[in-house]
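The two complexes that follow have subunit A in common; it is paired with subunit B in the first and with subunit C in the second.
Presenting the complex of A and B:
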C-alpha cells in the first residue's frame, strides 16, 4: 500500500513535467500543424547546456535556466525560420524527415562535444528528501511539479487573455482570417516554435537532477512526449497535463512493481489500451 | 481613394485577372459583380495583399501600395470580410471582435469600435460570451463584419456577405451595408446576386473571366445586355 502511494505521488510529480514537455509540442502542432521529432533532443540539448554551465562555472541547473532559456528560444526561432518554414505545409513526411535529421544532428553534435559516456549535472536540492507520512518526496520532483503546473497555468492564461495569445489561437483556428485581420501568421509560427523550445529548456532543468544523461537519450523523451501529446488529444491543455500524469504514474508503478524491462514497457501498454478504447484522447472535445 | 490601374494578377504565374482597372471613391458603395470564377475574390485578395500583382499598380490615398505587406494594408484601413465568414470558431464573439482590433492602429480604439459594432448588431451584444462556432450563419456574418469594423476599416471589402444566408438575414445584412454607407464608410461589395447589388450600390463593375466587361452607374449596368451575357458566359 505504501509502495502504491509512493508510486502514485512520484508518478504525479514526474508526470507533470512530462505534461509540460507535451504542452510545447501541442502548441507548435496547433499553430503550424507540424510534429517535431527532434523534441526530445532539444530537451537533451537543454540538459547538456546545463551540464556545460555546471562544469564551466559550477552553476546549479536551476540557475542555468537564466541562460539556457534565451539560448533555446533563439535556437528554436532559427530552426523554424530557416529549416522548417521553407518546407512547412508542403509534405508532412518531409517535415518529419527534417526534424528527424535535426534530432540526429543534435545527438551527434552532443556526442562530439561531450563524448558518449553517461554523465551528470548535480543540483543542490538533488539529495533533499521530505517525508510526508510514509511517502518519500524528492525535492527535485516537488520543484518539477510546482514549476510545471505554474508554467502550464501561465501559458494558459497567456493564450486566453493576451493579444498575443489570441493571435496564436486565431492562427490555430482560421489562419486565413487571422492574416486578413493583420496578424503576421509567419511570425506567430516562428514565435510559438521558439516558445515551445524555450519551455523545453525549463523542462530539461526540471528533469535533470539525479538523472544520468547521455547524448542518445533524446528519442526516449520524444517518445514520452508523443505518448502524452496523443493521450491529451493533441491540443487540449488540461488533457495534455492529465496525459503526462497518466504516463508518469504508469512509469513509476512499472519501476516499483515490475522487473526493469517489463516496468519500462508499462506506459506503452497503458497507452495502447487507452488508445484502443478512447482514440480521441482522454478528454472529449466539443 | 482606392485605384487599381491595369492590374494583372493570379496564382503561381497563371493570371486570373488581366489588365483590370477599378476605382473606388471616398464614401462610395461599389458593387463588384460576375459569375463564379470571374475573378471577384482574386480581385479583393489583390487589394488585401494576399495575391501578388504581376503587373499594374494599386494606389491608395495617392500612394502606391503594390508592394505593401498584407499586415500593413490592414493598418492602412483596407479590411476584407472574407467569403464564408471564417470566424474563429473556438473563440467567443467578444474575442473574435477583439482580434479584429489586433492591428496596432486599431488597438487604441477597440472599446469605442466595440460599442459601435454592438449598436449595429444588438444581437451580438447579447451573445458576446458565446463561442462563434455555435452561432447561426447570419450571426457569424455579423461577427465577420463586426470584426472587420473593429480593424478600423476605411475601405470595407465584403466578399459575398449574403452567401448561404436565409432571405431574412440577407435583407438585414444589406440594411447594415446601407447604414454603414450612410455613415460614410467606403465599401467594395463583391456579390453574385445582381438585382440585390444594383439596388444598393452607387456604381458597379461586372467581371467576366478576369476582365472588366461592364462598368458604370448601377442602373445602367443592370440594363446593359453585356451584363447578362457576362453572367451567362456568352
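Presenting the complex of A and C:
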C-alpha cells in the first residue's frame, strides 16, 4: 500500500512536468498544425544551457532559467521564421523531416560541444526530502509539480483573457477568418512556436535536478511528449496535463509492480490503445 | 507493366554500371570497400522503405522492426538453436511480412491519418527496442556474436567483405528494380492514388487494405533480408544499432534527401550521405563525435529548403530542361 501511494505521488509529480512538456507541443500544433520532432532536443538544449551556466558561473539550474528562457524563445522564433515557415503547409512528411534534421543538428551540436559522457547539473534542493505520512517527497519533484501547474494556469489565463491569447485561439480555430479580422497569422505562428520552445527551457530546469543528462536523450523526451500530447487529444490544455499525469503514474507503477520489460512497455501500450480506440484523447472536446 | 519498363532493362547503361560496380572488390582497398558495402546496405534499406513511405506515402517509422527481425531473429535462431541462417533469413522475412501486414491492417481498420500512422509506428519501434534488449533469446542488451565467416555459402557465409559486397550489390539492385517495377505496374498507380487522396482512391475502386498490405509486405520482406545480410557482415549483432528507431530515422532521411517516390532517388540519397557520414566518422569521429550526424542534419535541412522534391528529381528536371534548351538552339 505504501509502495502504491509512493508510486502514485511520484508519478503525479513527474507527470505534471511531462504535461508541461506537451503543452508547448499542443500549443504549436493547434496554431500551425506542426508536430515538432525536435521537441525533446530543445529540452536537451535547455538542460545543457543550464549545465553550461552551472559550470561557468555555478548558477543553480532554477536561477539560470532567467537566462535560458529568453535564449530559447529567440531560438524558437528564428527556427520557425527561417526554417519551418517556408515549408509549412507542404506535405506533412517534409515538416517532420525538417524537424528531425533540426533534432540531429541540436543533438550532435551538443555532442560536439559537451561530449557524449553523461553529466549532471546539481541543484541546491536536489537532496531535500519531505516526509508526508509514509510517503517520501523529493524537493525537486515538488517544485516541478507546483511550477508546472502554475505555468499551465498562467498559459491558460493568457490564452483566455489577453489580446495575444485571443489572437492565438482565433488562428487555432480558423486562420483565414482570423487573418480577415486583422490578426497577423504569421506573427502569431512565430510567437506560439517561440513560446512553446521557451516553456521547454523552464521544463528542462524542472526535470534537471537528479537526472544525468547526455546529448542523445532528446528522442526519449520527444517520445514521452508525443505520448502525452496524443493522450491529451492534441490541443485540449486540461486533457494534456491529465495525460501527463497518466503517463507519469503509468511509468511509476510499471516500474514497481510489473516485470522490468512490461513496466517499460506500459506507457507505449497505453499510447497505442488510446490512439486506436480513443483518437480524440482522454477527454471529450467541449 | 508500363511499356518503358522492359526497354529500360534492355538498355545497356544499367548493365554497364552494374558490371563496373561488380569489379570494385578488385580495385578498391578494404576500407573503401567497407564504406561502399555500408552504402549499399543503406541504399537497399532506403529503396525498400520508399515503397511504403515514398510511393504509397505512408510515413512508416517502424522499419527498424523489420531490420531488427532480419538481423536479431535470424542470428538468434543460428546462435541459440543452430538453425541454418538461410532458413533463419526466410523465417525472419516471414515474421517481418506478418508484422508488416498487421501494421497495415491496423492502419486500415482504424483509418489512421498520416500523423497517427507515423506516431503509432514510432511507438512500435520504441517497444521493439525495449522488447529485444530485454529478451535473452534475442541476445538481450549485449547482442549476439555470429560464428566466424569461413566462406561457406551453404551456411550464409560469403567469405569476407568481397562476398558481402557482391551479395549486397545484388540485393540493392533487386530493391531498386522492385521499386521500378512497382512504379510501372498497376500497383504503383494504385499506391500513388492512395498517397494523393485516400478517399478519392477508394471511391474509384482502389482497394485500400489490399494495396497497402501488399506494399508494406514487399517492403518488410526486402528490409528483413537486408537486415540478415547486414548482421552477417557485422558479425556482432548490436540491438542498439539494428533495432534502434534512429536507424529508421536515418533511412527516412536518406530517402527524402534523394527523392521520395522515385525509383532511384532513395539509392541516390544513400550514395550521397552514407559515404559522407562514414568518412567523417572515420576521420573526425575520434575528436569530434557527433560531427557526421551534424552534417547529415545540415544536408537534410538544406535539401528540404532548397530542393523539397529531393536531389534526384531536381537533377533530372535540370537535365530535361537543358536538353530542351539545346534542342531549341539547334
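The working rule: the second predicted complex is superposed on the first by the 276 of 286 C-alpha atoms of A that agree within 3 Å, B and C clash if a C-alpha of one lies under 4 Å from a C-alpha of the other, contacts with A are read in each partner's own complex, and residues count from 1 in each chain.
Operating definition for what follows: a residue touches a chain if its C-beta (ideal position, glycine included) is under 8 Å from a C-beta of that chain, and two chains touch if they have at least 3 such contacts.
Here the structure is a predicted model, which is why all the values come from computation and not from measurement.
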Touching partner for A:166 - first (subunit B), second (subunit C), both, neither: first
First, second, both or neither for A:250, with subunit B first and subunit C second: neither
Partner chain(s) touched by A:230 [first = subunit B, second = subunit C, both, neither]: second
Subunit A residues touched by each partner, larger count belonging to subunit B or subunit C: C
Partner chain in contact with A:87 - subunit B first, subunit C second, else both or neither: second
Partner chain in contact with A:102 - subunit B first, subunit C second, else both or neither: second
Which of subunit B and subunit C A:219 touches, first, second, both or neither: second
Which of subunit B and subunit C A:45 touches, first, second, both or neither: neither
Parts of subunit A lying in touch with subunit B, wherever the complex brings them together: 163, 166-167, 169-170, 173-174, 176-184
Partner subunit A, residues of subunit C touching it in the complex: 53, 57, 59, 106, 110, 112, 114-116, 118-120, 122-124, 126-127, 130-131, 134-135, 245-246, 249, 252-253, 256, 260, 288-291, 293-294, 296-298, 300-301, 304-305, 308
Contact footprint of subunit A on subunit B as seen in their complex: 48, 50, 70-71, 74-75, 79-80, 82, 86-91, 95, 98-100, 102-103, 106-107, 147, 151
Contact footprint of subunit C on subunit A as seen in their complex: 35, 83, 86-87, 90, 92-94, 96-98, 100-105, 107-112, 115-116, 215, 219, 223, 226-227, 230, 260-261, 264-265, 268-269, 271-272, 275-276, 279
